[in-house]
Amino acid sequence: MDRLRPRLAPADGLIGPLPAPASDPAVTAAHDFDRVDVRGVSRHYGRRRALFEITTSFHAGEIVGLLGPNGSGKSTLLGVIATIVRPASGAVNYGGRPAHEWGDALRGRIGMLGHDLFLYGDLTARENLEFFGRLHRVPDLARRVDAALEHARLETRGGDRVAGFSRGMRQRLALERALIHDPRLVLLDEPFTGLDDESTSLLVERLRALRVSGAIVLMATHDFDTADGLVDRAVCLTNGRLQPIEDGNGTLRERFRRAVEARRA
Amino acid sequence: MRLTDRLVPLLLLIAAVMFAAAPYVIDTAPYESTMGLVQRIFYFHFPSAMTMMLTAIVCGIASALYLARRKPIDDRVAVAAAELAVVFGVIVLITGPLWARKAWGVWWVWDARITSTFVMWMVFNAYLLLRRFGGPGSEVLSAAVGFFGMMLVPFVYWSVNFWRTLHPKTSVVPTLPVDMGIPLYFCWAAFTILYVALLIVRVRLEASRSALEEAYLALED
Amino acid sequence: MIRVLADAWLIARKDLRVESRSRELAATTLFFAVACVLVFSFAFVQEGRAVENAAAGILWITIAFSGTLALGRTFERERQGETLRALLLAPVERASVYLGKLAGLLLLLGAIEIVLLPMVALLFDAPISRAPWLLAALLAFGTLGFAAVGTLFAAMLVRAQSRDVLLPVVLYPITVPVIIGGVQGTAAIFGTEPNLPVAEAWLSMLIFFDAVFVTLALWTFAPVMTD
């Protein structure tokens, strides 16, 4: 896949603001990165191996699909890259520097959409976005929140509590929450779960826009059909081991099967 | 490993000999008129209480180190020390009431030292419970309990002391007559040596356990 | 420093807003506290009158019990939707998260105590107007000490199994000095022969405890919150 696709101008108003002039004035180019390198990361929970010597890299402007069965370590890997899970060995470098050299500013460049959406059900959509926007010190917050609600197609529901939202609405809002600070690195854990077709295509569009804006998108997913046309490349995680899925013939699902069988053999 | 391999049997042997000799050494102490024979419980009660204090401090320091630098050895020492704190605490809490029954006529009094020992014993039980039932990652959480437990000692001690005091003061120990002091220090030394040996054994057990875990993981790979 | 406090206040305000919407914590905790007082009354009332010093004990045990309940629920809320993770992912100091949760909890417990104190005074004939400032200070610093340790342990237990039962198991032994200080200090005020210097001694112990344990909790919070 062509990693160096031309940086397109935003095609319409839906596409988010461009390469993160970081939200915090202190976070300037020196506090940004264009690649993430995972170096020999292992992690286990008791006798259960979650990750085994994972080494891989992710680059700006690419969407990487992280495939694998349940319990294969996808969420743990996302947690390690998000700095909230400590690897037993190995390290993750952001733009060539390990996490501890970055300090708190690094987390300001990461946006994560977790399995459980990271939203407060008793707050309204707008309040959720405003709260996290303030924590991330997003400048011109009111406008950003309006734009985010627009992206999530929730312009008219901004004042409603999230608890009353449908799964699709929540998922769209959760994505905008994760993107409120224009993160460089976007980590998505099963973003397509429970989405109807319309929401799915909205999400796909949003992710394409992110790619254009130079974000590094890493997406754990089960949804081969949706991921197929979207991801630039895919890697497969089985029993905590990482394996690239070759480009080539066939759909993503077929190539994934081939990779899994090759591994068994 | 090599050094401790030889050290442990030696320490255990010394402790065994000392404990075997302890009754005879204690017998040299003068007969205390008001307490009679029961007074001799003191020669085991006080050293086990001191050992409990020692192991509480070991656990607290190891826990703090584990929180700060996450070296597995710190965690192994902390869990070993916490377990031994509970074990020696049981000795203290059994010998104490035996003494109390004779001295004060009741099995239990809510006196300063007894209460603080009981509280500390509960803290280390909480440490072990959290570790046992907290699920994966609970060693970090229990380290916080161990560390807070150690920092708690002066507060518990002062507050319970201010609340009520019945127990003989620690200051009696240095002023004991020599013929009572010798058996006391002898037993204290025996308990400390036993403690060090048990601690090493327990730390090694923990190390083997994690080696076993790693072997299981390697087998899976 | 100012930024740490500003972020903490942001988090605390968010908690208050969530609470003002559902009122679940305030309502359930308050009625739990009332139920505690009712249950204790059966043990500490003889021939229609409260036994001596019962009021101080009932007050503090109720605070400890309902405080534990509130702690558990506060963090259960942050566990639903994994919002605690989201807070830890924000580029704010860990100390802000800790202080924010602590402040939110203190405001909640303070509100409950405002109802609880007159009620205990009324039912158990406690002279709360005898040394109101000293009593308020004992309550404030005692609650702070309890909540400071409690916030740390409740936050870290969010990822543990059996967290509901482990929280009191861990919390009660470690907050023993707070309970003793609170009960004895309050009893010294309420007693038939009030002894204010004793109450002041307990107050200074509580202040010292708070200073040490808030500092330790701030230091411990960051390492225990990383999985």
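To keep things simple, chains are lettered A, B and C as they appear, and every chain counts its residues starting from 1.
By our rule, a residue touches a chain if its C-beta (ideal position, glycine included) is under 8 Å from a C-beta of that chain, and two chains touch if they have at least 3 such contacts.
Here the structure is a predicted model, which is why all the values come from computation and not from measurement.
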Requested in this report: Could you classify the connectivity of these chains, where an edge means two chains touch, as line, ring, star, complete or other?
Outcome: complete
Query raised in the report: Looking at CA centres, what chain is most distant from chain A?
Result: B
Query raised in the report: Count the touching C-beta pairs: is A-B or A-C ahead?
Result: A-C
Query raised in the report: By C-alpha centroid distance to the whole-protein centroid, which chain wins?
Result: C
**Report entry** Separation of mean Cα positions, chain C and chain B [Å, integer]
**Finding:** 31
Report summary line: chain A to chain B, mean C-alpha position gap in Å, rounds to 50
**Report entry** chain A and chain C, separation of their C-alpha mean positions in angstrom
**Finding:** 38
Query - Residue list for chain C, restricted to those that touch at least two other chains - result: 227
Query raised in the report: Where in chain A do residues touch two or more other chains at once?
Result: 86
Requested in this report: Quick one: which residues in chain B touch 2 or more of the other chains?
Outcome: 70, 137
Report summary line: In their shared complex, chain B is touched by residues of chain C numbered 149, 152-153, 156-157, 159-162, 166, 169-170, 172-174, 176-177, 180-181, 184, 201-202, 205, 208-209, 212-213, 216, 220, 223-224, 227
Query raised in the report: Which bits of chain A are touching chain C when the two form their complex?
Result: 24, 79, 82-86, 104-108, 110, 112, 114-123, 127, 131-132, 134-137, 161, 177
Query - Partner chain A, residues of chain C touching it in the complex - result: 7, 10-11, 14, 17-18, 21-22, 80-83, 85-93, 226-227
Requested in this report: Give every residue of chain A touching chain B within the complex, in rising order.
Outcome: 44-47, 49, 52, 86, 239
Requested in this report: Please name which positions on chain B make contact with chain C in the complex.
Outcome: 67-68, 70, 119, 122-123, 126, 129-130, 133-135, 137-138, 140-141, 143-145, 147-149, 151-152, 155-156, 158-160, 162-163
